[in-house]
Amino acid sequence: MADVFKKVEPAEYYRRHLTHDARPDGRQLLAFRDVVVSVGTIGTADGSALVRLGGGGTTVVCGVKAELASPRPDTPARGYVVPNVELPALCAATLRPGPPTALAQTLSQAMADLIENSGCVDAGALCVSPGRLVWALHVDAVCLAHNGNLADACAAAVVAALRDTTLPAITIDDETGRVRVDSGRERAPVAASAFPVAASFAKFDNDILFADPTAEEEALATATVTVATLEDGSLCLLHKAGGSAMTEKELQQCVDRAQVRGAELRHLVNKVAASKEC
Amino acid sequence: MEDSIGKVVIPGDILQNLDEKKGKIKVTVGPGLIRDGSHIAVTKSGILRHREPSVFWVDCHQKRYVPARGDNVIGIVTAKQGDVFKVDIGSSEPASLSFMAFEAATKRNRPNLNVGDCVNAKLLVANKDCEPELVCIDSYGRSSGLGILPNEGFLLQCSIGLVRQLLRNKFNVLTFLGKAIQYEVAIGMNGRIWLHCHTVRETIAISNAICRSELMSDEEVQIMSKKVVDSLQGFE
Amino acid sequence: MSCLKQSNLRGFACEQSCLTRSDGSATFNQGETTVLAAVYGPVEVKLSKEHVEKAAVDVIYKPKVGIPGCKEKATEQLIKSTCETVLLVALHPRTAVVIVLQEMQNTGSLLSCCINACCQALMDAGINMRCLVCAVTTTVDQEGHIILDPTSKQEEDGKAVLTFAFDSKTNGVIMTTTSGIYSSQEYQECLLSAQHASAKIFEFYRDSILKKLSRVS
């Protein structure tokens, strides 16, 4: 019976649940799904991570490939990071094969903004030889299953993969100009201390706010907002594209919840990274 | 609401006190107004108009036509598809016009209508969810002015606001010019005006005069019309 | 053409119906930043973009130089969903509303100028709207002071740039996007000062429409 009700009147179905401060999947309004993070999942990549929300509901795997390249003319002493989010047709029934969708492009840009704003990669440290050679990090996130809140999953995967990334030491022969990987020296990590964590919220019926929406909830939501926080409580991304209007109080509520969430996830990723090293 | 009649309104404005003076009376809202719970909200920027007893709408200078049932429109035939003609009326999708919807048309006696011809037709179906449908007859089966427009005319495109102005205002540029110059005119609610004069000079002069009259007051239109007529007749 | 000068915002200017072939158009200036917006709609929709229950809003953003890339696509999406919120899209199902934005000159606060130009062009086209929208860009400088409607120099020197879009009905935040690092307190301060400035922009909207239509009323 409940199934039929859900199919026929999805909004009303949610409304009945939400008035009792609970969601159909048993979570409270501002509760996030459980997160599973594993780092170093792709052996051939320079750094990688896999993030799953809610027992495989949303799964994103991210690999970082480092490449030596000539620097961009306007920033000769800085390396660069090229994030790309891929949404293949296999991850959701609504997606079709073909060129990147608008959603994938928006997510790619959001990841680029997140990396750039937070300074989680020190672009200056990616420089090998100013004006000649820098590291280019290709950060490719592929969504394997899409059940809502891709922004959080992608951000977590991208940041965890970057924190897992190490680069080999490079020596340049001054006479011949040949580049050689110095395998004797230890690989150096690329990530800076900044650790951004994104948290998304959705608004339902113009007044109910809930965290970490599933795909169903995203379809019914009238607005979504993504907040990225850093350890010291400052914000590095606050993104709300259209949708019903929000008051400053509601936004503050999202920010506060995102801070708590950020601490939790940071603790988790650090624990995973530490256990890998043991 | 009473005091905002004739004033400029912009989207998001709320019109209150609708039934203050009239008691409980049915209010009819036209384009640019929408019911929002217990009051009326404005959805277009323009001037609020009112007609007795209780019809309200917003006059705005729109260029794109949105079909409305009962409108007389001028369309251009773009294709023949079996029993129907596809007619471009400037809306988001082409309208259909059955070949039987002409005066005295029968299965044998089809109207002589080709691709590229202009028709003066009435919208029988104009629903946002389905294709608009045109007819060239009234409910008695008579043409009553509708039908194919002769090929020698001139079709000009103007804003929908101007067309409404021409049809609403008795003392408009057409009547002023009509006192001195002979011409035929068909006005479509979709912003198209079909014009037929004796000479090309007159056609150009009249079409320019119509387009220029959009933002003029009645007196200005009269002065402008007089000038046009004078110059056509060689006094200047 | 109507102009407005405010002490903390740069001078605005707006001209509606500047293009003859589009259904609605507007140029919007904020200081030297200029954006030209053209609106077509409701027009025929591509089958792949058709929605049976609402109009599809399509935003095309053209930068001044170069071809649009990923960043421009993200901007398009942002403007698209902002416009979709204020348009009554349900009134024109199976159609499209196409908005073309051309960057003419960028001296800071480009995104807010784009959204303001969009709103003016949509009003000019006479497309049904729930309410109006206006956007304000703010920046937080190194000392933590808030600058409204910054120039490119101020944007570069500041530690964060925040853009907000507000609706005219509830004055709530429809769109917000940020770059740089800032504290949540700075965010709230920026939001409040932008909200305060938005009232002036809405006033300007009304005045410019009044000026345009006062001749025919």
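Which chain is which? They are A, B and C, in the order written, and residues in each are numbered from 1.
Methods note: a residue touches a chain if its C-beta (ideal position, glycine included) is under 8 Å from a C-beta of that chain, and two chains touch if they have at least 3 such contacts.
Computed from a predicted structure; not experimentally measured.
The chains in contact with chain B and with chain C alike: there are none. Central chain by Cα centroid: C, whose mean Cα position is closest to the mean of all protein Cα atoms.
Separating the centre of chain B from that of chain C, both taken as means of CA atoms, is a distance of 32 Å. Here the CA centre of chain A is 54 Å from the CA centre of chain B. Chain A and chain C have Cα centroids separated by 28 Å.
Under the contact definition stated at the top, not a single residue of chain A touches 2 or more other chains. Counting partners per residue, chain C has 167, 169 as the residues that reach two or more other chains. Against chain C, in their complex, chain B makes its touches with residues 6-8, 10-12, 32, 34, 41, 43-47, 60-64, 66, 91-93, 128-129, 215, 217.
Per the touch definition, chain C reaches chain B in the complex via residues 17, 22-24, 40-45, 86, 88, 91-96, 123-132, 167-169, 205-206, 209-210, 213-217. Taken together, the chain C residues at the contact with chain A in this complex read 70-71, 73-74, 77-78, 80-85, 162, 166-167, 169-184, 187-188, 191-192, 195.
Across the complex, chain A meets chain C through its residues 102, 105-106, 108-110, 112-113, 116-119, 225, 230, 233-248, 251-252, 255-256, 259.
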